[in-house]
Amino acid sequence: MTSFLFAAAIFVLVMEALGLVRILRGPADADRILSVQLIGSGGVAVLLLLSAATQTPAIMDVALMLALLATFVSVAFLRDVRPSDEPTNT
Amino acid sequence: MKFAIDIVTVVMVSSGVVFFMAGTVGLLRFPDTLTRLHALTKVDNLGLGLIVFGLLPQAQGLLGALKLLSIWVLVQLSGAIVSQLIAQATQRSGRQT
Amino acid sequence: MNSATMFGYCGAMLVGLGLFGLVTNPEILRKILAFNVLGSGVFLLFGVIARRGAAAGLGADPVPQALVITGIVVAFSATAMAVALLVRFNKETGEITMSSDAPSDSGRPEERR
Amino acid sequence: MTYDVLFDLGLAGVLIAIAAGAIFARGSFVSLVLFMVYGLLLAIVWVRLSAVDVALTETAIGGGVTGMLLLGAASRLRATKGSAAKAGFPARLAAGALCILVSIALGIVVYALPEVPPTLAPIAKENLASSGLGNPVAGVLFVYRALDTLLEKVVLLLALVGVWSLAQDQAWGGMPGLRVYAKPNSILVFLAQVLPPVGITVGIYMFWAGANRPGGAFQGGTVLAAMWLLVMMARLREVPAIDTLWVRQLLVVGPAIFLLIGLLGFVFADSFLAYPPDHAKPLIVIAEAALTLSIGVTLALLVAGPPERLRQ
């Protein structure tokens, strides 16, 4: 069971790494924030899987914290998405 | 019994992970921001949801299970609202490429 | 090589990366960011030492952990101060970079001759 | 190779890739987004190092508040373009070589760490019982290194004084120039009404759980700060002027109570910041409760920045 949960965590981690490509490529700032959302949810999933795999319930608190703060950060980011059409270089 | 529970976990978590993959592929391959947003919502709702439900049987006690569920509800709620905000920002900028 | 040692090498690389960004990037904001990466590398080294000191049923030595928590707080304070200085600096000079040699195209043309 | 080692390896690889991206990215927005994600993954690394307390702090600070701080600065500076040319290629090459050398030296240090690692864990665990706490990290923070913890809060306050002192003379005593949403936004307002009750509950839980499990005043305070900033960004509440009495009171209440308890140590125990043996835990919890509030207000105001406009 532990191995399976770790394997699932690895898989989600790989997906997060792929999500990074969208941060680099953009093109709009909103696309980058989408990627942050994906990586936030992925991070929560990884932490929950790790919590179950290592039998450490305290890790769930980190996941809870992450869920809260990721939302906060996305809101802060969206505040600064420019309404202009100035393209952002990567 | 333990075996049956483990099977449930394996099936649910595996399907959750598949949704993660679908969401990521969508994020990378879809042509514009709004369709990518659509792909992403599958990750928040189903991907994380299935993983949470798969982990429920492994949770330690009722409190642990409740905490798992509340994390999912929180991600649901904030994910939905942030998606709205992203869509608004996209419309505002009028650029969907 | 166990995981703790591997994260130790990871921390060492992060220190190098952060240092490089701090030294070479002319934008002050990016320097502050790089400094934070550097700091996190140092914290990670502390974390590795804490992990290796696992004993008495604890997953990691609590003393370095407490040091790192204090360190993160102080690093944040310093970052906040640096950012405020940067914003004020920008207001006064209109610059966002810091370079010792005279700016090539903008800056103070009246001083050139 | 087992799956957990494979996971750690992948995690370290992704972390370094993100750090490199944040350092080398050309646009500062990309760099900031990557830095935020970096903080998030770093928290997972701390979890893997069995340091859940640090993971909580890193999520809150590294991923959350520091990112927001840098973001605020970036959007202010957006109007100006950098004028300085990048360092020349030879200089960059030399700097790169130097940094690689530093990394290698640190790597050698890691490699040469003693076979039997020195540890204070058994002593910390032994003395934990006398404090009545169950979380060894909290025990170290509030008993063994209490002076450090007190001074750390003072550093936070000093940083805030420093930030405020950068205000222009005519703006002194006014309202910080936190960037808020330009026009009211119903969805955001809804979020800012729904999330804070959840966040405040989590914040209080973090502080309360901190006595026995990972968590503590700092983690709790950061969540409170994030929620308050959210409410201010959505314009449900104005940013308070810095000379408001309740702001000043909340800023000092935590360190003041902690200091008072510390001074009482002279009377009821044997030294400064020593706790009487039977009352250690309640005293620490009282100090932590006050600190949670103060930390929350201090962090939020640090992010909000120096005062910029006067109250109408």
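Every chain is named by a letter (A, B, C and D) in the order it is written, and numbering of its residues begins at 1.
As a convention for this text, contacts are C-beta pairs under 8 Å (C-beta built on N, C-alpha and C of every residue); 3 or more make two chains touch, one makes a residue touch a chain.
Fair warning: this is a prediction, and the values are worked out from it, not measured in the lab.
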Pieces of the assembly without chain D, by contact: A, B | C
item	value
Other chains in touch with both chain A and chain D	B
Dominant chain pairing [most C-beta pairs in contact]	C-D
Distance from chain B to chain A - Cα centre to Cα centre, in angstrom	11
Chain C and chain D, separation of their C-alpha mean positions in angstrom	14
Inter-chain centre distance, chain A versus chain C - centres from mean C-alpha coordinates, in Å	22
Inter-chain centre distance, chain B versus chain C - centres from mean C-alpha coordinates, in Å	33
Where chain D touches two or more other chains, by residue	4, 48, 74, 188, 191, 195, 198
Junction residues of chain A - those touching two or more other chains	29, 33, 35, 64, 68, 70-71, 75, 82
Pairs of chains found to touch, sorted by chain label	A-B, A-D, B-D, C-D
Residue ranges of chain D touching chain A (in the complex, touch as defined)	2-4, 6-7, 10-11, 14, 17-18, 21, 25-27, 29-30, 33-34, 36-37, 40-41, 43-44, 47-48, 52, 55-56, 59-60, 63-64, 67-68, 71, 74-75, 78, 179-181, 188, 191, 195, 198-199, 202, 206, 209, 213-215, 219, 223, 226-227, 229-230, 233
For the chain A and chain D complex, residues of the former touching the latter	2-3, 6-7, 9-10, 13-14, 16-17, 20, 23-24, 26, 29, 32-33, 35-36, 39-40, 43, 46-47, 50, 53, 56, 58-59, 61-62, 64-66, 68-73, 75-77, 79-80, 82, 88-90
Chain C residues within the chain D interface of the complex	2-21, 23-27, 29-30, 32-34, 36-37, 40, 43-45, 47-63, 65-70, 72-74, 76-81, 83-88, 90, 94-99, 103-107
Complex interface listing, chain B residues touching chain D	74, 77-78, 81-82, 84-85, 88
Of chain D, residues touching chain C in the complex	4-5, 8-9, 12, 15-16, 19-20, 22-24, 28, 31-32, 35, 38, 42, 45-46, 48-51, 53-54, 57-58, 61-62, 65-66, 69-70, 72-74, 76-77, 80-87, 91-92, 95-96, 98-100, 102-104, 106-107, 109-111, 113, 117-122, 124-126, 136-137, 139-141, 144-145, 148-149, 152, 155-156, 158-160, 162-163, 166, 216, 218, 299, 302-303, 305-306
